[in-house]
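Think of it as A, B, C, D, E and F in the order they're written, each chain with its own count starting at 1.
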Amino acid sequence: MPYVNVKITKENLTSEKKKALIKGITELLQNLLEKNPQTTIIIIDEVETDNWGIGGETVTDRRKRGL
Amino acid sequence: MPYVNVKITKENLTSEKKKALIKGITELLQNLLEKNPQTTIIIIDEVETDNWGIGGETVTDRRKRGL
Amino acid sequence: MPYVNVKITKENLTSEKKKALIKGITELLQNLLEKNPQTTIIIIDEVETDNWGIGGETVTDRRKRGL
Amino acid sequence: MPYVNVKITKENLTSEKKKALIKGITELLQNLLEKNPQTTIIIIDEVETDNWGIGGETVTDRRKRGL
Amino acid sequence: MPYVNVKITKENLTSEKKKALIKGITELLQNLLEKNPQTTIIIIDEVETDNWGIGGETVTDRRKRGL
Amino acid sequence: MPYVNVKITKENLTSEKKKALIKGITELLQNLLEKNPQTTIIIIDEVETDNWGIGGETVTDRRKRGL
């Protein structure tokens, strides 16, 4: 019954990667905490780099500086 | 003053349905909990089926299997 | 499969009210959007009035002023 | 290390405004709470006016009425 | 730089389990998506069973029925 | 009408600091984005250090190491 929300910057995440991420987190919750995978919900939010700030600046600006 | 966030898969939700959902939840909070509708905020997030996992797989894959 | 998060101020919400709220939102999503109640998750967060701001002040301060 | 999520309606928010918002909130957390800006994350969600409800109606409908 | 929020029912989750969960998800994001663990934030919310609904009822009521 | 959620570790945040944080963010949104403070909602979540992970470990463990 867990609910997991993953927020990452929108930068070419493929469907295959999303599948692997969903499978991996679901299995982790099952193995570690015995949570039923049938009611484990994982939601991935891909956030534009303009809309993600860290260190007081946008990720867009960090990418320009090679970070 | 309540805040409600509804996350559903992005699958042809019409404006009319959204209006009805917002109206319905707002009324429920008013009737049940006497919450003021004027400061009740409802946000609907429509999530791509590739980005929603349940049962360890994406909803995209489940839809292909007829679920 | 929807996920709903309701945030309200922590002010004597009884178990009975919580049950009614969960039942009501689940039914609304079933009736309006044909969502399966068996995988509809509702999470209620009760937030201390010191931690909820509106109009630039805490709800604690608003309550003192009779709002 | 704080995490801040700002949700606003999607209505022509420029990159410059986003930068200023991220910078402003990060500085506020540093000045008020001595939080390290290097691990302060700010995420801005821009929500379609059809998907934002207040007062029991969508912001789209409110905008039509001049609100 | 990812942000992950895990919500689970509050039912005797030990500090050791929390550590393992945080470590596991952080490693998964590093291995799968090459995300920097130093800025990967994981927040675990433990939710009272009275405040978690699934299938239109609270988890408290489900537990009483042996589910 | 914005909604802002601030998550910080639970470490002796006073009511005065909370008031200042709520006031500061509300004013920032008003000054930068012309958002109406009367419908600006700010919610502060204080998270136990056991439940907050960064760098693959809990903040509890980091604090023990002087970080």
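Observations on the model:
We take it that a contact is a pair of C-beta atoms (placed from the backbone, for glycine too) under 8 Å apart; a residue touches a chain by one contact, two chains touch by 3 or more.
This is a predicted model, so every value here is computed, not measured.
The minimal number of chain-to-chain contact steps leading from subunit C to subunit D is 2.
Listed by label, the chains that touch subunit B and also subunit C are A, F.
At the interface between subunit A and subunit E, over half of the residue numbers appear on both sides, which makes the contact a same-residue one. One inter-chain figure worth recording: subunit C and subunit E are separated by 20 Å, centre to centre, where each centre is the mean of the chain's CA atoms. Put simply, the C-alpha centre of subunit D and that of subunit F have 14 angstrom between them. For subunit C, residues touching at least two other chains, in rising order: 1, 3, 7, 25, 39, 41, 43, 52, 54. Viewed as a network of touching protein chains, the structure does not reduce to a path, ring, star or complete graph.
Chain pairs that touch, as defined above: A-B, A-C, A-D, A-E, B-C, B-D, B-F, C-E, C-F, D-E, D-F, E-F. Taken in their complex, subunit E has these residues touching subunit C: 7, 47, 50-58, 60-61.
Partner subunit E is touched in their complex by these residues of subunit C: 15, 18-19, 22-23, 25-27, 37-46.
Against subunit D, the residues of subunit E that register as touching in their complex are 1, 3, 39, 41, 43. In the complex of the two chains, the subunit D residues touching subunit F come out as 1-9, 13, 17, 20-21, 24-25, 28-29, 32-33, 35, 39, 52, 54, 59.
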